[in-house]
Structures are given as structure tokens and as C-alpha cells.
């Protein structure tokens, strides 16, 4: 994306000193579903501009954590502070307005809509013209539509999905759908991007592309990224800090190196072999 | 090429009301066939006809009306077989100059020919029907209704609501009480209605029902112990098929009729001889002579006589326009002798219409189901005009005002 | 071969955002409109206008309204008849109670009242979904049926509960003949179809579709379910109410509550499903299918010179109609509109198979 | 008090009758995820078959016994409904595997038109009689306790008992058999069910046959009450709020829903109706269902509506 | 294309030049041929949209529900043409597919999901044994056995889907992206299970995978697809050492594993090269 996304924050975003203030602080979150403790007393923070990974075995509560931040789930306990504002429970709309975007593990695309419409819908928050103008589609409404369309086209170029613009997303192969999902999130021009297994179901080449997108977004616009991923290669390579969850509890937090050497993490998640040599290649 | 006169037949042989619609439609068609077969048409003018299925649906009825109104030399009057369709085509008929014949249904105020030039509610309306029912009840009660409780259980639609103004007027005048029990169509389940009736114990129940509501109501009356002898049904709820299957359970159930359904007259014999024996009957021979079938034949007969009357004026042996046939409707004069000659002598009362009176006759009588067949229970009553006429005036004046119709003067 | 996009390059986003980006479509559309406004009035008979085209147009409009709700926003409604009734009766009351009320304002006023009713009955949709929501709309249906039957003032104290309107005039111009009425309907339908199309391809349309396809994800990107659903109910009921007013005023002229009964609701739902959920053009296809096919089937025996009884013909008609519905669904579950676009896609590739 | 009890009891009976029709909806929905619009048409078709066979067989085979006629007619009607189910699977459902619910709903609508037409074409559209010897006259109970006693309809009582039996059987079928579980799987995901070897064709024929037989029982009971004619397909409209209230996927829900709707609508009509002009029970049933749904959006016993991301 | 394992017995599954069209117009497979010998593990590799899933659907006859049809070519199982069989018939013949994207029965509990997997099995004892086996493979499922499948995590659902297929005691399994969404440990486990079943119970596998490294590690033979065609095939060990495969599918071009961080505009470079 060559042009303005969200305004780079106070000049500090670029290389050099990468991370800044604490942007998001999660304090003592607990979440239960009936008898299942999905999250137990989880606390961690995310700094501005960093790439923060959340890892953990299946069912550890990673997706649930994102859902709490997003306001999809209401945790029974704990508080979430975003940009200095503290919430017990956030409502999805507020979260979106504050600049948090999100992709989904199980693909929550709008199946009946085209790629273009899916990504355009990410910009709906920014649309100002009212119903009547939209119905008449004259003057400001059209101008607005074109202006957003331009922004979306840049995202489409960036993600290299030009050829599928008008295809209904339901017909795309899985990997491309993941990309559209990312596109929709990017269209919101978020300050913070929550990615739930964005690289599942991709081969190495495609994962590399995806990493590229994530890194570009992170570096060029200073967008903070929270990333859930099972591919340790990716996590180790691109993240700044890693949280490890297991059975709803936090068992590790630190730089990739620290986490990789944490015995709890090795036992619960990585397995002895995986920690000693990266899973991809030899 | 001999002249031909086109008769449109709006019918419903399918849908909710088919059990009534089928014999009715058969009767209408059979009589036209009979006239063609026996008399070679009306003064040599062959009757042609075409059925159009409405399924009792107003929109479909409108489509049928539009489709058939200009056929031949013009449709010779429509019998829409439905109150809803009548409403929908009344205005159109006014513009198209086609007569609408609604024997025993339609708008009660359309008796007034000065306002409703094109409508012919021949033989009776729901107001005359309600009036005659009350007369019969009064007679049973020794002449007066004072202090009685009368319930109206009705199909909750314009059709079922028609008698209400008259009932209320008479109740106020004669000191009896009317209570209203609407039944939401189709009326398959009427327990609450009949529980209320069981609780309030009205002396009589007037039953303005249609279709499946009728057997459901009779069954429920039976199940809640309300005597069927105290029920008076409108003519659309008093056909054979309404009670046949209930048999003894409906014993005592009264219905009003505009004709002697029970009677087998010459027209039935002719029909058998000229139509059914030749294998040209429209329906099963068993339905000939049932109430609905006979009513269908009467309706066609009235139409044929209107055509005949109009031919007297506009030229015998000619095919007439819709507008000309209307004149015939307005100048019907079927005396007892004429009816006898037509084979309807035993079946119905004389009919005479005029510019201001589009009903022609308002006599009716009560029949009762004896568990196996209908029995004539009363002599003919004529509707009491004292309450009906002012109502007709009032309602047709309102209609004229709403619609910007300038009443004609009949002279 | 005939349908090539080659050489048509879009050089601006506004060109790509145009209603019909492909030139052939654009011409076809102008052609169609020209035929409808100029040619049809001269060739069709009164019967065709009154019994075929006018009802088709009005029901198409209602179907568009419903399609917005069901097809675009994913809220199943079985109360369309009720909203049509509200539109019709409200317009009627405006017309008879306010001296000199312009016809167009009455019609629009009918639409607005329907909007209010639609929003009211749409509130449960915030909690209830899918087929369960059908209950809320059915409640609307039966309640309005009852209300129009029971409240005398609704029908201006008409004794029988049926009402009628006469003298349709706009600015002194009377709409009396079938052709005039047809043109009135055509203009209104064309205008509202365009407005509806604009809405569904704009931001609000995307909100509706997002709610339909995946409401949790929609909420996460900042779409307010309350706003999206209620606007869908509002816009939908407005159009449906307007169609209802037209149905009463222009098509029927006089009507009783049964004219807007549950049958109408079902009929309209069938139209949008058969035509194609989430497609404005589909609403027209669906209305054509449901309105015209039975008429057509009705004529077939005549054309073939068969003399079968009315009842048999009518039963056969039902059977064939039912069978055709199933047949079309098998060929294309997403409705006639999708079938049409697949056909177009084939044309585009023709003569190559793929 | 006596009257109140009578009302409640009347409501319970009516509710059972609704439940009987509702059951057909639930069965097919639970087992294939299809909201079967044709249920009303199936009730009509089955009842017509039953009524006409019972009329024809004695004529064709020359016997008199009403019992024999009824038994034969019932057997033949069951066979007819199985054939109908088989045809529906063959000609429609099979080709609509894995389509969305609304498409399938629409297909059942087509089926319903077809059955309406075919039923009346084959069996006629007048009123026909089903006489399975249901008692029609009322009985009085508790005459000493209440003034005037309580009036009960025996016919309703019998019908309610039959409905209860049917429900018990079906509940067992769903809970205890392997097929029951497979049916629920099919409702969730046609394709996945296929992929693990559940033969959709066979399952659907079974389900629609059972649905047809339930329709037949409902048709016999309603038909012996009202006579068999087109209108009995309209009782499906009465069953609709019942299914929704009880939960689309729950057999016991259909019964409980039926009872609640039955009692609710009778009470409302009798105690509320007079104040607003009467005739309210129809919409009141829906409003009642709506009220419950606002508390439990999936109906009383329906499967929870799942939304997860 | 070379005939794989040419001197081995006739293949269990033989796909011959099939062409698949979705929705009457979208041509997705353009003449795909492949062989799966009895008792082997064959991997089907390729990028997004290459047509792997479509190939598997064509084999298991699940295309109809997606409005796809096989328009050319033929598929044989043990020499028998199977295009006209129903998926249920195929399961009867021992071929089960694990669908991409899990497809658990949302309203059924995990255990009920597994039990429906045994629909074609009638022996109670066998079913119980299979259930135990699946629970042994995936202990996580046992702890969640009474949860409705919809409320389990993505990975748990994936395990459930695989376990459900195993409940049918299949002789051949078509696995579509089994590793997707699974934690590395579990991925390892899944492949171990595959190997286990293959060795001990002689189950044949055709597996479509994105995780090329793992797939080639465990498979005997591999096919690589691109845009609806098979572009390369060979023994897994050969493929794993092939330079192109290494570069495009294993991310170890030039012998060195590259950090994900350092890969710059990979796609674009590839396009220039093309």
C-alpha cells in the first residue's frame, strides 16, 4: 500500500526503536462457559507498533482472548485498557471505532458478497452520507463511494487479488479467502490488528506472502499486530513478544527466544523436537 | 352463422370453498346446456360460455373478469360467486357497463338501483336473510323477541359482517340482545367461541359461516351441547355437503333458503332428459337436485331470462351487448306461471325487478336437517321492510357520496 | 460472440461503479425502458394491462421491498401482506379524510405508515433470528388482518369492511384508462427500483448483506445490528407499503382485508426466492414467474385445443406450477436471477464452452 | 371456576390437535433441516387418500364391514404416503443436497402445490367423510363439584391420547436409535453426513415416510372432525406458532408448545376478546409465541442457535 | 507424466484425466490423473486454488452438493468405476473423506459426532473399540466429549473430524488439509497416526496438504498441482530434494532456510521470473 493508511503515530513508528507505549493492557481476564474455563486470570499487554504473538495448544483460549478484546465475548472478570480507557466489557462497535480490526480463524467472510464488497464493508464506519443520499446516489454520496473505492483498490493491489475483485468470496479457495479477510480488516485502517491464524492452510510460499503483508502493514503504517499462529517458524521470525496460553492459563510471556527456552512452553506446546529445530526446513 | 350470446362463468372448483363451488358451478353450466339442448338457445341465440377459476381469490377473480368481459358480443352479466370479488369488480363494472349478478350475496345496499345501476342482488340479501330468520324465531317464541338473547357467530370477513347493522337496528327497536362472535377464517377451530356460547346461553345462534367453518361449528356445538335446533344458518352454510357427513349430529340444524332446495321440479327432469342422459352433464348425476346445484341452475336461469327480456326490447334472436343485458336484469318479470313453464314453479317465488329495486323478491323460508335430508320447516316469509329500507337508503347514499356517484332518478 | 466486453476498458472508478458497467447491458436497459414506456402502451390490450402487466409491476415493487429485507438483510418475513395492508389503508385514510390530499402524497404517506409498522415489528429481530423471526412477522400479519377487520375507523366506517377509491388524479391529470394506470405504476416502479438498487449497492446495502452473511463479523467491523436491521425493515416496509397502496388504489380499486392476507405474504416470499434472493432484477423475474406462469398455464389447454374441465385444468396447473418451482430450484438454487447471469456468462464465452 | 377449567381443558385438547400437525414439521426439520412447507398439503393428501380408499374399497371388493374398510384404507394410505416420500426424495430432495435452508423450504413449497393439485385430481375436491368411529357427543364430569358440571368432548380426548402415543413413539425413535442420531447429523450438515457414509436417500425416504404417516394420523383426526376437504390443509397455519414456540427441533416441544398455545389462545379469546371485539385468538397465539421467543430465541426446547467465530 | 511405481500391483485408486466444472461455467480441473496404490500414503500438494479439494471431492463424489460435475475422464476404485456411486456407497467400500474446514455436526456433542462416524458399522464391540482408539489418539477430545461441537475450538473440531472418519474403520482415507489449525505437536501426532494406521492397519491415504514439509516427510509418493493440472509427481523423497519444490513449497531455496522476516516481495520476483 503506497499511500496514507492511518497516520503514522508521532514519527516514532519506523525502524530503530520499534515499539512504543503500552497500547492495550489486559488485566486478570477470566472467561467461563458453563463448566469450561476458557481463560483464567490472564494478563498481558501490547505495545504500540509491536507484533505480539499468542500461541498455545488447541483449545488453550487464544481465540477466546481475541473475542474478549473485540467485545464478542464478555469476560466474567478482569478489565481491558485500550489507549488509556478501561473497559470491563467493550461493545464491538466501540472497539471498531477505536481502531481495532480483526480477522477470524474460521473465516467469517460475508459469503454472498464479492471480494470488493467484502473489503468495502470494512470501510463502512467511515461512510458519512445518509440513507437518502445513498438512495439518490448523487453528489457527495458518489464522491464518497469513489474515494473509498480508491482506498480499497489499493488494498486489493497490495494483497494481489485484483483478478478476484468481483468473485463471490464463497467460491474462492481457502487461502485466498484468508487474504480477503485480511483485506477487510485493513480497510478499516486500524491502529491495532488482531489476526487469528492468518496463515493456516497455506503453503510456505503463501505464508511468506502473508508475512510480507503483515510486516509491511506493521512497518509502513505502524499498525500494532496481535497474531495467533501455530507455525512456530512464523512466530519466531516475525513477532516481537510472545504470550503462551495453555488450558486458559498463561504459561509464558517474553521474546521469542525466551519463550522457546521456557520449559513449561516446551512441555505444553512445542514438544522437545520442535523447539530445538524450526519446523520448516532442516 | 347463428348469433351467439356469451355467458362468463366465474367459478371456484378448487380451494377452501370448493365443496360449495363445485355443485354451484355445475348447476350454472348445466342450465345453460339445457337451454341450448332443449330450446336451441334463447330465441335461437345459442349460449356460449367459458369457465374461469377464481379459487375464491379476489385478484384472480379480477383477472377472470377482465379476461371474459369483452368476449363475444360482451359478457352477459357476471355472477362472481364471492363477496370479495364483487367488491373488486363493482367499480369496474360501472365503467365497463357490465351487469353484476349477486343472488343472495354481495352488497346489501346494492338493492338500490338508483345508485347501483349495475348490481343485481337478486332474490335476497343478507339483510333480508337476517330479517327472515328473526321472523321465524319470533314465531317460535310466540310473536315477540323481547328479552331474548341472540348470538351471531360469523365468518370474520365482510361477508360475515353484513347482517350486523340490521340485527343491531332490530335489536334496538324490539328489545332483544345481540351478541357478536367473530370466527377468524378459515375457522377450523372454534372451541373458544362455543365455550362462550355455552357460558352465555343465547336463545338462538345465527350462523353466518362458510366453508369448513360450518362443519367445525356444528361439531363444536354438538361437543359443547348447544342444541342444533337453535341454530339458524345462512344459505351458504346450509348445503347438503355441509351437514351430510355429520349426519345425525346435525339433526335439527336450521338453514334459511331462497328456494325450495328439497323440491324436485320439471327443470330437474328436463336436465336429466336433455343433458345427463346424453352424457353431457357437468358434474355427477348425484349432485343434481342438491341445494347448491339447484341454486346454480336458478342463477343461470335468471341470467337467461334477463337475456330473453332484453331481446324483447333490443331484438329477438340477436346477440346482445353487456349493456343491453343489464336492461334485461332490470326488467325481469318472472310470474308464477312463467316460472312454472320454466320448470321452477315449485322451486322459487316470482321475481320482478325494476329500476329502483334490483332484488326482485325478498321471500325466503327455513329448512331443517333431519339427519338425512333437508326438510322444509316453514312457509315463505317476506322480509320486513321497515328496518331494511332505511338501511338501504342510508348505506347507498353513503356509497354514492364516497364514490361521487350521481343517483339516477327512476321514473 | 455477441456479448463481448473486449475493448471496453474502465478508466475510472465511477465508470466501474456505474449501474451497468457493460455497454451491452446499458443499451439493453435503455431499450427495455423505451419499449416499456413507448411501445407497450400502443401494443398491449386493456386486458393485458389490467390483468397482467399492472399487477406484475406492483407485485414486483413489493417483491423488491421484501427482497431488501429477506434477500439482502437475511430477515425472513411472512408479514408482507400486513405491511401492504398498512400502506393501502393508510393511504386510503389520508385520501378520504384530508380534503384535497394529492394522490402521490397519500401513496407516499401510506408507505411511511408502513415504515412505522415495519420498524415496530422489526424490533424482535434484534433478538430472534431465522425461521423463528417469521413468527414476529406472522404476528404482524394476523394482527393487521384482525385490526383492519375490527377497527371501523380504518375503513372509514364502511359497513361491510371493504373500501374503495375512485378518481385517481395527480396534478389535475386523471389516471383512468388502463394505459394511464400502467404508466403511473411503471414510473413509480422504475423510480423505486432504481433507488433500491442504489441503496443495495451502496454502503447501507453492504451493511445489510453483512448482517445477513455473518452478523458477528459484521459487528466486529463496526456495523450496528440495530441500525442495519431496523433500516432494512424501514426501507423494506416503505416500499412494500407503497406497493400495497398501489395494489389497492390502482389495481383493485376496491378491496377487503382478505386482499392482503397471508396468501399475499407467502406469494411474495415465493417471488423473491424463485427470482433470486439478494437481487433487484430477481424480484422482477420472481414476480413474473409467480404472476404470469399460472396465467400462461391457464391458457395452454386453450391453445392446444384440449377441452379439459376447469377443475382438472386448475389441478394440473397447480401440479405443473409446483413441479416447475422444484425444477428451477434444481437447475439453479439461487433463483432465476442467477440462472440469468450464468446464461450471460456462457454467452460471454461463446462459442467456447469454458 | 368450572367454566375456567372447561376453558383450560378445551385449550389443552385443541393444543394436542395442533401438536399433532406440528409434529410433522418438527420431524422433518429435525431430521433434514428442511422446514416442510408441504406438511399441510401432506395432511390433506393423506386424509383424502384415507377417506377415498375407505369409500372405494368396499365398492371394488364388495364387502360391507366399516372396520375392514378402515383398516385396508389405512394400510393403503400408509403405502401411498411412503410412495409419495420416495418420489419426493427421488425427484426433488436428491438433487438439492447441501443447498441452503431457504432453497429447500421453497422446494417444499413446490411440493405442496404439486400435492394439492395431485391430491384433488386423484381423489376429488368435494367434502369426504372419514368415519373411524370417534365418539361425537360430549360427556359430563364432576357434576357434583361444579354447578353444571364440566363438559368434555370425548372425541378430543381420544385424539389427545393418540397424539400423546405418537409423541412417545417418536421421542423413543429419535433418542434410542442409531438412525435417530444420523437424522440429526443430516440436519446439521448434508455434506459431512454424506462423507461419513450416511445414505441420504434412504434417510430421507424414512423421514418423509414417517412425516407422511404422522400427517395421515393428523389428517384422520382432523378429517373425522371437519370432513376431508381442501381446508384441512389450513390447520398447518395453526400448527406454525406451536412448532416455533416449542422449538423447531423438539418433539416434546411440539406437545408443550401445542398445550401452551391451545390454552393461551382460548383464555385470551374468552377473557380478553370481549373487550376488543373478539376474534383475537389467531394473532394472540403468535404474540404469545413471540413473547416466549424474546426470552428464549430458540423456542422452549429447540437447539440453541449457534453463532461462533 | 511417468507411470508411478510402475511395476507394483494395480492401484487401489486410479484417477484418469478428469475435468471438473462448477456451476456449469467454472472449469477447475483440466485433466487430472493420479494413482494411489494400495497401502501407500500419497500426498497431493499445491497452492491455494490449485484444485486439491476439488480432486478429493470428485473422488468421494461430494461434488454434487457444490454444484460441480465431472465432465471428462474416469475414476476407478479397485478397477470399478465409481463416478456414479453415492458417497455412502463409497464409505461402504471403505473410502472416507475428511472434509476441509472440519464440518462437524454443530448441534451434536463431540461423542455423538464420533458415533455418527460409525454409522456404517454395526458391531457394538467394534464401535466401542474404535471410540476408545480415537480417544487414545486425541485425548483432548475425551475431555470435551459432552460439548456441542460448535462450541469447541478450531483445533478440537479438526480432531473431531479426523476421529469421526476413523470411526468408520476405513480402508482408504481422503484427508483434506488435516494439519490446518492444529498446534505443531498435534500436527506431528496426526501424521504419526496416519503412519500408524498405514503401517499397522494397511489403511491407504490420499492427503491434500499445504504443509509440504510434513506431507513429504510421511508420504510415499507426491503429486503437485497447479491451476487444475498435475505439474509434477514423484516419490516423496525425490520431491523433497527437488530444487523447485524446495524453493517454492519448502521455502528453502538455495539450500538455506530463509527467515520469514527477510523474504521481500516474493511473489513479485517470481512474477518477473515467469
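Note that the chains are named A, B, C, D and E in the order they appear, and that numbering of residues resets to 1 at the start of each chain.
Just so we're on the same page, a residue touches a chain if its C-beta (ideal position, glycine included) is under 8 Å from a C-beta of that chain, and two chains touch if they have at least 3 such contacts.
Given the structure is predicted, the values throughout are model-derived calculations rather than measurements.
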Checklist entry - Going by the contact rule set out at the top, which chains touch both chain B and chain C? => result D
Item to check | Chains contacting each of chain C and chain E, listed by label | outcome: A, D
Next on the checklist: When I count C-beta pairs in contact, which pair ends up with more: B-D or A-E?
Outcome noted: A-E
Checklist entry - Using each chain's Cα centroid, which is most distant from the centroid of chain C? => result E
Checklist entry - For which chain is the distance between its Cα centroid and the global protein Cα centroid smallest? => result C
Checklist entry - When the C-alpha atoms of chain A and chain C are each averaged to a single point, how far apart are the two points in Å? => result 41
Checklist entry - What whole-Å value do you get for the distance between chain D and chain E if each is reduced to the mean of its CA atoms? => result 44
Next on the checklist: Using Cα averages as centroids, what's the distance between chain C and chain D in whole Å?
Outcome noted: 32
Next on the checklist: Counting only Cα atoms for the centres, state how far chain A is from chain B in Å.
Outcome noted: 74
Checklist entry - Considering chain E alone, which of its residues make contact with at least two other chains? => result 26, 151
Checklist entry - Which chain B residues reach two or more other chains? => result 13-14, 22, 156, 182, 184
Checklist entry - Which residue numbers or ranges of chain D touch two or more of the other chains? => result 99, 120, 125, 277, 279, 282, 308-309
Item to check | chain A partner contacts - residues on chain E that touch it in the complex | outcome: 22, 26, 45-50, 53, 100-101, 140, 144, 147, 151-156, 158-159, 177, 180-188, 210-213, 248-252, 257-261, 263-267
Checklist entry - Which of the residues in chain D end up touching chain C in this complex? => result 35, 91-92, 95-96, 99-103, 105-107, 109-118, 120-121, 125, 237, 240-241, 244-245, 248, 276-277, 279-280, 282-283, 286-287, 289-290, 293-294, 297-299, 302, 305, 307-309
Checklist outcome for this item: The chain B residues in contact with chain D across the complex are 13-16, 18-19, 22, 156, 180-184, 186, 188-189, 191-193, 195-196, 198-199, 211-212, 215-216, 219, 222-225, 241, 244-246, 249
Checklist entry - In the complex of these two chains, what residues of chain A are touching chain E? => result 33, 36, 56-60, 63, 105-107, 160, 171-176, 197, 200-209, 211-212, 215, 230-234, 237-238, 269-271, 273-274, 278-282
Checklist entry - Inside the complex, what are the residues of chain A that reach chain C? => result 70-72, 92-93, 95-97, 101-102, 104, 108-113, 117, 120-122, 124-125, 127, 129, 131, 134-137, 141-142, 145-146, 149-150, 153, 184-185, 188
